[in-house]
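A, B, C and D are the chain letters, set down in written order, and residue numbers restart from 1 in every chain.
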Amino acid sequence: MTEYTSDEMMSVAAARALGDGTSCFVGIGLPSTAANLARRGHAPNLTLIYESGCLGAKPTRLPLSIGDGELADTADAVVSVPEVFNYWLQPGRIDVGFLGAAQLDKFGNINTTVIGPDYANPKVRLPGAGGAPEIAASCREVFVVLRQNPRAFVEKVDFVTSFGHGSGKGDRERLGLPGAGPTLVVTDLGLMRPDPETSELTLTELHPGVEVDQVVEATGWKLKVAGDLGTTPAPTEAELRILRDLKRASA
Amino acid sequence: MTEYTSDEMMSVAAARALGDGTSCFVGIGLPSTAANLARRGHAPNLTLIYESGCLGAKPTRLPLSIGDGELADTADAVVSVPEVFNYWLQPGRIDVGFLGAAQLDKFGNINTTVIGPDYANPKVRLPGAGGAPEIAASCREVFVVLRQNPRAFVEKVDFVTSFGHGSGKGDRERLGLPGAGPTLVVTDLGLMRPDPETSELTLTELHPGVEVDQVVEATGWKLKVAGDLGTTPAPTEAELRILRDLKRASA
Amino acid sequence: MAELLSLKEAVARLVHDGDTVALEGFTHLIPVAAGHEIIRQRRTGLTLVRMTPDIVYDQLIGAGCASKLIFSWGGNPGVGSLHRFRDAVQYEWPVPLEIEEHSHAGMANRYVAGASGLPFAVLRGYTGTDLPSRTDTIKPITCPFTGEQLAAVPALNPDVTIVHAQRADRAGNVQIWGITGVQKEAVLAAKRSLVTVEEVVDELEPRPGAIVLPSWAVTAVAEVPGGASPSYAAGYYERDNDAYQAWDAIGRDRESFTRWLDELTGVKA
Amino acid sequence: MAELLSLKEAVARLVHDGDTVALEGFTHLIPVAAGHEIIRQRRTGLTLVRMTPDIVYDQLIGAGCASKLIFSWGGNPGVGSLHRFRDAVQYEWPVPLEIEEHSHAGMANRYVAGASGLPFAVLRGYTGTDLPSRTDTIKPITCPFTGEQLAAVPALNPDVTIVHAQRADRAGNVQIWGITGVQKEAVLAAKRSLVTVEEVVDELEPRPGAIVLPSWAVTAVAEVPGGASPSYAAGYYERDNDAYQAWDAIGRDRESFTRWLDELTGVKA
């Protein structure tokens, strides 16, 4: 059996979550890696949408940025940035929004704006919102992918850049948000899903070789663990080959 | 000297009103004839904009309709219909709006909706507004071209499809309309312009061979005549040649 | 993903009695064949939507398919009036026709709002005109930053939009070029959509000025060569102007129209 | 009609101290050379606007040209953070930088409103987020038809917008292809505009996916081959990824940045 890194496990697990024939609004970085891995593997009819206006992009390598010509050259259609947000994202046409995060809290709220309690004098100034607030609001569901550690996985985000489940079950409905919000968080240690009763993120699967304690320690809140905790199947040879080919082609 | 018809005089007079280097939002029919005549004559740098989305069309014949492929094939840019109205007309980028009319009243208000006092049971149902209300509102100024007769030139239009000067001077400012409104009406008998004091349409020029009485009789309100009434120069040989070539190429 | 269907089946499955139906096209690529199929299938009670209702809408109205028309300019472009439309409005023949009347700018923005998943659109429009007094779907709205007053119009979201395009590939991706009008917005605003195309090809070769509607944004595609005739189809045919002229005489009286209708629907005299 | 000018003259005439300036581009066709010319001409007090401020904005901020940034995502795309931006926000170096922060959807719609001559735009946006509490230019608005509450954002109308394009013809018509981003809206929203181009050609050959900005909608065109480097310019060059990586080290501390700046502006050590 081939060795693999925890980052590879994370990308593979994230890719598997994307069903064939669905559409996915993809951010650059980990989400783009996972989405392209899915399209070259089990989901050849996955439609990738990039916020630069590329609908149905089929890149042969991982794009360096959302402005990569490879995305435009391989897309079914290239539209303007206002159009991708207004005509394609906003009406809820897109199945999955695939996001990264700097901070994520136990109700799946995302922070990519500032670290620290004072917006005006932040400890760390992060890049900001980008497309995420409306991706998190409008896609039918949202997957989040990020490496797990207590600085990233916090009780409450310092700034709600993108709304997840707010302060719990029912908050999205109260605000009239159309999509289901974050339904899956993929990390380098396992998978988390909102509890059906409370919407609190709960550990539902461990990656092979990871212990529950490890995940609890890497989480900044008192992590709940599902009663029927599962284990993610290890990456297959085929998955690893595709992922490594993609990475190589993009180096 | 070549003979010419009153319709030809009308088209030539309308064409002359378009300055070189300006931009003109053109309706099909008389306005399109005049605008194309101008572009092939004294105003080669006239930019023609058609509401079908053709910016800078340079047709070699008169288009049969605003969807004529000739307009798209010769345009600098073809944009969507929402774009032509929102990005190009609405912000006031266009110098002249060139409109026809079924009814026109003494303050330059235009009716292309219904004839008769009862909207629900009209004497005659006309085509409706089309692009005219916003052309009349947003272009820097508006020229109207139509044949003069008392049924068309009325004291007060049965329905204000497109706002001219309302009930007189100052109405456009009060409503916050950005453009100057109708500054010129070209007919088969002469030219009319709004009086600088009252905005009432006043006869300022007669076409050659036309008498004031003829125009007064062809007008449904008590027509005022400018003190310094002028005479339109007759069409030149060159103007007639271009006009007839255009008509021939379009037959 | 768009399904490839015959025109007959597509209309049967997508267009129902009482639906709000938009057949769009700005004198170019008018979905005429689809309109005729709706007449043949004898749909009734339709709310027809279009910026520029022309001959095929005159025919649908004359055939009694429509109970309401939402529009901004109704005419036989370059020829004159729509006589069946006039007869319905002025004399309720063959059935009464309610109208909801806008400007082009208003209609275009209503489709934009519909395509954008918004309940309304904002424009500088209708100011000083009599349209707001006759049309309920025009209301004032105030800018929350400047206090300026503008016009609001509600989104149009047809039950089904039908447009004609030059090409589709076998996966149902649609390519349109030339004057593309408001077709993209009308399709994206609708709950269901049908695109009739001149031809289905193996691959959509990119070409200047073309837009592509991805297959997953379209419900059904039907191959109907000549489906826009007598209107223009850039790259395929020019407008058959004689047909537009001829319609003026046919549409002008009820008898000649009824003969035309019987012929279309295959009724023997 | 657009005037053909040198970059130096165009920036001197179009960009003034205290102006609101947008240099747009969505990681493709970034007007980097124009940004450097603004630094060389030592403009100050600028309000910089951009959806995705990247290296060239980091440089403008580090050089002290800007007193405010209106944006939705600031980073070195695919690499990491903008250290000059961080230094300005966290430590007011070299001058304090006010920020006005939106989402991409909000910024895009602000340009759309600006291009459309409207004072504001409506979107489904910001719901539940902390952005409205930190940004004055997000307000609620109610649909006059459904009563639904949405977000309103004010129009962006920069004093000057600068974009980079592939080509212009001698009359000043501009052709852009590939990812065209929000460039058309940013140009049309601005009072004045400058387009730097890879080349000025006799004729703009139509090509798939290209848009054209007519000459009469543009103030000035400057021929600046390589003017978007190190970003992509589809059809001309790929992104110079090493330059993006290298910027991370240069931008990280004030001393190495100052050396870079002295070199750009021709100051001898």
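Assorted remarks:
Throughout what follows, a contact is a pair of C-beta atoms (placed from the backbone, for glycine too) under 8 Å apart; a residue touches a chain by one contact, two chains touch by 3 or more.
Because the structure is a prediction, the values reported are computed rather than measured.
With chains reduced to the mean position of their C-alpha atoms, the one farthest from chain B is A.
Per-chain Cα centroids separate chain B from chain C by 28 Å. Between chain B and chain D the centroid-to-centroid distance comes to 40 Å (mean Cα coordinates, whole Å). In chain B, the residues touching two or more other chains are 86, 90, 138. Along chain C, residues 112, 117-118, 123-124, 148, 184-185, 209 each make contact with two or more other chains. Chains touching one another, given as pairs, are A-C, A-D, B-C, B-D, C-D.
Those residues of chain A whose C-beta lies close enough to touch chain D in the complex are 28-29, 51-54, 64-69, 71-72, 78, 80-82, 85-86, 89-90, 113, 119, 121-122, 124-134, 137-138, 159-163, 166, 171-172, 175-177.
Residues of chain D touching chain B in their complex: 1, 112, 115-118, 173, 184-185, 188, 211-217. Per the touch definition, chain A reaches chain C in the complex via residues 21, 23, 47, 55-56, 76-77, 86-87, 90-93, 138. Residue ranges of chain C in contact with chain D, taken from their complex: 117-124, 137, 139-141, 143-146, 148, 150, 152, 154, 206-210.
Considering their complex, residues 25-29, 51-52, 71-75, 77-78, 81-82, 85-86, 89-90, 101-105, 108-109, 111-112, 123-131, 134, 148-149, 178-182, 184-185, 209, 231-232, 234, 238-239, 241 of chain D touch chain A.
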